[in-house]
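First, the structure itself, so that you have it in front of you.
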């Protein structure tokens, strides 16, 4: 398997997938195309049981969607999956027979957070990982399942806080809040995740399938709720207020590698 | 805005509301009247986006309802809100477009806990905050949504523990259990909350509304469940056993400022 | 009350129940018989309000079901409870008017974990308690409610992790994940639990009943879901792959006291 924006390596039943979309791992149509294609191929390959997602960029896991190309990546999802919604693509990943693990270093914001929330498990580097759903700073609901997952994982009070504050949360706080499974020292993260992935990969596929089905039946939001959030995001993003806030933020460094190192501080300033 | 039992100060889109109902911030008809009036006025004022609730009394945030005036405060709610139930008043606060933050020092027991649970977020002083739903010590279910919120936030095991034990829980334990968002040093609490409130207040109202609607759709109990708990409390409180336990507790200091400093210890003694 | 596999001692309204089924507290038909009989008798005795379960074996609380006698213990449940399912027996315990507390030292794996999850509260010794749902290592779903409880208590990510990893989790991690109420130093555990049990036992039975009913209405899975998990386990356990994995594990020490000290390490090796 070779892709433009992904480096893939297989070891036994585990596929290690490295996201490599310089300069800052924005989610645009090419990365969407590669992720959909990867999932489709891996699902068809009975030799693959576990996917581990990590980033080639130490500062950004997935930064967020490319806000200048929203229609393009939506068309890409529609063409490949028959549903014009990242929310439903991510839900499909959650429902897959494949076990998915996110190994997180750097920034995981907006759709980046939603992607790792769609994975089955999330482990993050204590020193470097940062989590944010900053959409409400633009008056928007996260459109790809963030509110659905966070309301269930964090509970009402903490989900309200992280969504309404639109701020960055470090890995230790994310662990305490339930956003991630665990924060680990960066130096130990890779080995921990690889060992867990191989352990799971060695167990029978029948167990993976039945565990995922039964846990999802309790804890994964219905497809209608994902669609509804996607629609609310789409309606909101066309709004005049959101558009003018995006334009103002672009002038201050939104979608630039340097400017986004302190993105959520910038969003809170000078309003 | 001026009230008998509340001190209110506005800064930009944030209203800081200090509860001041000496001698111990019991919830009686006057405080209910002022809270309802405040919420109604704030909701009509488009310049207000965020309410911060705190207490003028370092030992008591809200102690509990005035058990000698239950009918009176219920009539007050009914007159102003058309529903004879604090449970539904609190649920209405949770559903409000206003973002609500509780800044907690001192004791938050029974209806006090239920009030802060109705807020969108809760931050508490590590050294002084104490949380309790002591109603089961009198054979009663909390009547204003406590069981609904705690079962969802804490999960079955911890909700059972805190309700059945009827004991005090400090801020660190409350944080670990998910009762509050976070415990902070008392010296840092006010600045943390004010900064968060202003950050949220600077973001578009459209984002607050859609986030609150979607998170509540997942994590806030239906109105029928709040009503049902209110009815179970009302039926229970008229019970002979509950009344005689209340009378015994009054003799030992219930509803006195000194006697309630160690209320939950007193409730566990000499049975 | 006297039983072959249980030591029972009553103090006021609290029944202290010690599980004593050497050599390793496997759950077989005799222990099932005694547990069902104990619950039935305690429920009929109005002098009993609280059950505390602990183990006479410092290394094993309940190890797991006796995999060589699955039909026998199922018949025992059916004979006494009219339902051929441990899942429904455990759910009945969760619904009981009795308040149940698990005081955990040693290993609590598979059905052992499911038994303590069925209790209302769980407190564990920090130094010695180990938790595992290792059924997925054999391609199986836990059959007695484990997935139902864990998905609700831990949330989707952590429930997926602990089920799919089939690994041991220590008491501190179990506390952080919400599997148990609290980890305590082994030296303090007994006194903490006894004090809590007596405190609850001194409060009115009416409060226990209404709290349990209302919290269960929110947080306990429906009977159909427990039944469904039981059926999935039963179907899976007859599977050829599961049977051959059980036979291989028996050769490596499954169901031996020594061999199971490091059971989950053994399950992860040499696959």
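As written, the chains take the letters A, B and C, and residue 1 is the first residue of each chain.
The rule we apply is simple: a residue touches a chain if its C-beta (ideal position, glycine included) is under 8 Å from a C-beta of that chain, and two chains touch if they have at least 3 such contacts.
Computed from a predicted model, the values in this text were never measured in an experiment.
When the CA atoms of chain A are superposed on those of chain C, the rotation angle is 120 degrees to the nearest 5.
Shared numbers divided by all numbers used gives the overlap of an interface; between chain A and chain B this overlap falls below half, so the copies present different residues. Centre-to-centre, using mean CA coordinates, chain A is 35 Å away from chain B. With touch defined as above, residues shared between interfaces to two or more other chains in chain B number as follows: 152. Chain C makes touch with chain A in their complex at residues 135-141, 147-148, 150-152, 155-161, 163-167, 176, 221, 225, 228-229, 232, 236, 239, 241-242, 245, 268, 271.
Residues 99, 119-122, 149, 152-153, 175, 178, 180-181, 196, 199-200, 202-208, 210-212, 214-220 of chain B touch chain A in their complex.
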